[in-house]
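Okay, so chain A shows up in both of these, paired with chain B first and chain C after.
Here is the complex of A and B:
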């Protein structure tokens, strides 16, 4: 495995809301290698976005990192000051979000939004230089440089996401965090955006951390997959292995819930609701919905069972195929 | 539709607006008990024949619809008529005399309110917590403050106790500057008359502060709400994620929160230009507000009708300007 660029250790991110403490990320360990594509998969509220954004030290209020560490290239982000984090963001770690229309300032041209960040990080010597870099970034993501003078509302949804990607990669960062980058787009545009990201990963050695609820997409594009459930990564491993022979029953059920165009296999939904993250179930958090659950699952946090290329947190993970 | 065409259409719409307002005021003034003749004579006994003669002289003996259309015909020629109480005085000349005083007070109070409102509102949105609460309380207190009370308090402190500032009037009559624009401050600067400038300024401070503070409360609250929302918005998160300094994020958020604030600014400016009645009476400020109150008392039909027509035109023009400003702020707004 190549050099590790992001190393998450025992990370806990809690949101302190009026109705209680939401344990969005509750003890996560992950090592992400330079140049690979890691996808975090999970249902809404599983904490996958919180985990991904905390990898750039971006925790939105009322959230707080309450434990653990995030090492980025050897530096613990949880120990950095706001100003040190600011210098890192945009320059060494970029991010794109789900809805590019909301994440672009409606009142300013897209070019000026990209160029501004370029100037802010002191990469360009002048405004015209920054503008040139912005136009280059747009060309890289397949948006004509002339569109730099367009306002977000004058672009299509796909173009807006391309612009957001251009803004994120303009300064050639090591890591790109993509928080549900294609959820708001239609299928055809979705495929093109994924292709674009794949190209960036290959050509520029960009490390990509993508968040999605779409495990089929994750299996197609990623090198490794982390499956999240109720604030914990319950399974981790190479994409082929996780999709091909999942160890955790939750992963299994996620895969079975994907509709398949070619086979007439019945789509199965996962019974029950995701747990309330303010009051996670005891023991294995998946036990109330798990077809394999036994008494032990209710009382004890399952151990991390290693597989050849990763692990799963399940008492049955050692048995062939996680209860197939 | 282009901006120019939009403005042209809006300008045309001023005509029906004015017509409707004129009609309403015409009716209301006639419905009110009393008429200019009675109001001018007060309680003195005058023989009925003489009253009729006076009324005939003012044209009040004609049927109402004739009075309505005669005055309207004058309006179309740009003639606001003559006062019915102060014989021989042109309504237009009177309004022209009073308007600069109102404009001067309006601009000063407006500036005060916008500065206080933006500073307090921004601080509240950025700091949050206790500071936010303090600013919100300021906003409510300022907004609900009764102008004559605040005015009298300031007069008591600064004029009576400290003897720093005059308690009323627009300028020391000895120092009135040569008339150029009618705005004393501008005129005294143009003519280089420092004594006039000093006198005009010291007279302006208290009324501008009183009105400015009361108006600032609304800005505090509206700036706070919209700025806080903009600072929490996704594009602000994206700016921070790109490593932008918080000062820049704030600048962009401020611009995004401007549209609703500009609406309030336009409304207030338009209202103020019609005369700040309470402030003007508290500080004996000789503006349109006191003028209108006085003429309503006298049932000076022509003067009130004329003033309302001028007011309607000012409000319409202000709202057109506000719409143009929207388009300048927000590229999504196109007419």
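Here is the complex of A and C:
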């Protein structure tokens, strides 16, 4: 296995809201290798975005990292000052978000926004160099360099997301965090953006951490998948294995909830509601919705059961096939 | 590629005049431009010196072809005094507005963006300034400093800084939650870059609207100051001062002594108010303290 670039250990990120403490990430361990594509899958409110963004030390108030560590290339991000983090962000860890139209300054041409970041982080020494790098980055993501002088509103949604990606890769980061990068785009554009990211991963050795609720998409593009439920990674392993033979009943139900054009299999929704993250259920957090739940699930946190390439947090994960 | 600053400026103006609220903006700009031209060209427009009795001029002459706005109790030509007086009021109001902006906007930016104890302290100071009625505070400050155009501008600045501060701060608080600002933070942009290059330009429409509306208010306050002799000293030409001396002759039927200075004050204030209102329609700035 390649060298580990991000290592998350016992990470806990809590949001201190007026209505209680939201345990968005509650004890997560993950090792992400350089150059791989890891996808974090989960329902809304499972803490997947919080986990991904905390991998670049980005925790917005009222959130706080209350425990654990995030090692990026050997440096513990939880111990860095705001200024040290700022220098790292963008330069070594880029990020793109869900709605590209909202994430660009409406008053600035897209080229100048990219050039500005390039200049700030010292990647270029002069304005003309920065502008050249911005144009190159746009070309790489498939936006003609002439569009550098366009304003965000003059571009389509897909082009805007390409611009956001160009801004992220112009600084030549090691890692790109993609927080639901295609959710706001239509399916055809979505495929092209994913293809673009895949190309960047292969050609530039870019490590990609993507967040999505779309487990089918995750299975197609990722090397490894982390399935999140109520603040915990309940299953972790190679995409092939997680999709092919899931160990955790939640993963199995997620897969079954995806419509399939070719099989006559019925789409099944997962019964019940995601738990209130302020008061997660005792024991295994999935037990109120789990078809396999037994008394033990209610009282005890299930152990981490190792598989060949990962693990699952379920009492039944050891038995072949888990939730089948 | 610049195409000249002037033509770019004209392009911006054309854009403002065409959008919603364009008629108000255009009327306001026309009025302000007219007064500005009058002030600049005062030596050529004014038929007589403002503080000398022209040969053959009677005292308290009603408007005529020779003296379109009449003459005052000393025989000075009222029209010439109005023309020269435009210089004083524009100088004081523009200077004070620019100074209020120069103080209020940066404080509002910092206060809104960084928050914390500094924000609370500044808000408290500004709110206490705001609690005073504008004219009372301006009179207090100007009386301490003594009568001069610069001192009057300083007095007005103190009155209007809280307006610029509050509106800028409120806009920054809105912008701070915009995803593109969060994205800039996520991409490691330094705070000052976000503030100066992204938040300030996006807050500029709000600041422009405040400029129009606060300046309109400042003209009225300035007139009050000059009425009390805190801007200029007679016989310097000054609208508010002329109003003060002219009122004594109102019962004698010399209406032109108060009508023309008063109308000039109102018209200029209207010009700025129309500009502010027009811009606020154009940019859909939600009404703040002047909305």
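In this text, the second predicted complex is superposed on the first by the 324 of 324 C-alpha atoms of A that agree within 3 Å, B and C clash if a C-alpha of one lies under 4 Å from a C-alpha of the other, contacts with A are read in each partner's own complex, and residues count from 1 in each chain.
Simple rule for what comes next: a residue touches a chain if its C-beta (ideal position, glycine included) is under 8 Å from a C-beta of that chain, and two chains touch if they have at least 3 such contacts.
Here the structure is a predicted model, which is why all the values come from computation and not from measurement.
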Overlay on chain A: chain C relative to chain B, clash or fit: clash
Partner chain in contact with A:29 - chain B first, chain C second, else both or neither: neither
Touched partner set for A:106, first chain B, second chain C, both or neither: both
First (chain B), second (chain C), both or neither touched by A:256: neither
Partner chain(s) touched by A:153 [first = chain B, second = chain C, both, neither]: first
Location of chain B clashes with chain C - one stretch out of 23-31, 167-175 or 293-301: 167-175
Set intersection of chain A contacts, chain C complex versus chain B complex: 56, 58, 60, 86-91, 94-95, 97, 99, 102-108, 116-117, 120-121, 164, 167-168
For the chain A and chain C complex, residues of the former touching the latter: 53, 56, 58, 60, 85-91, 94-95, 97, 99, 102-108, 116-117, 120-121, 164, 167-168
Chain B - residues contacting chain A, complex: 233-235, 237-245, 248, 252, 255-256, 329-332
Residue ranges of chain A in contact with chain B within the complex: 56, 58, 60, 86-91, 94-95, 97, 99, 102-108, 116-117, 120-121, 151, 153, 164, 167-168
Complex contacts: residues of chain C adjacent to chain A: 178-180, 182-190, 193, 197-198, 201-202
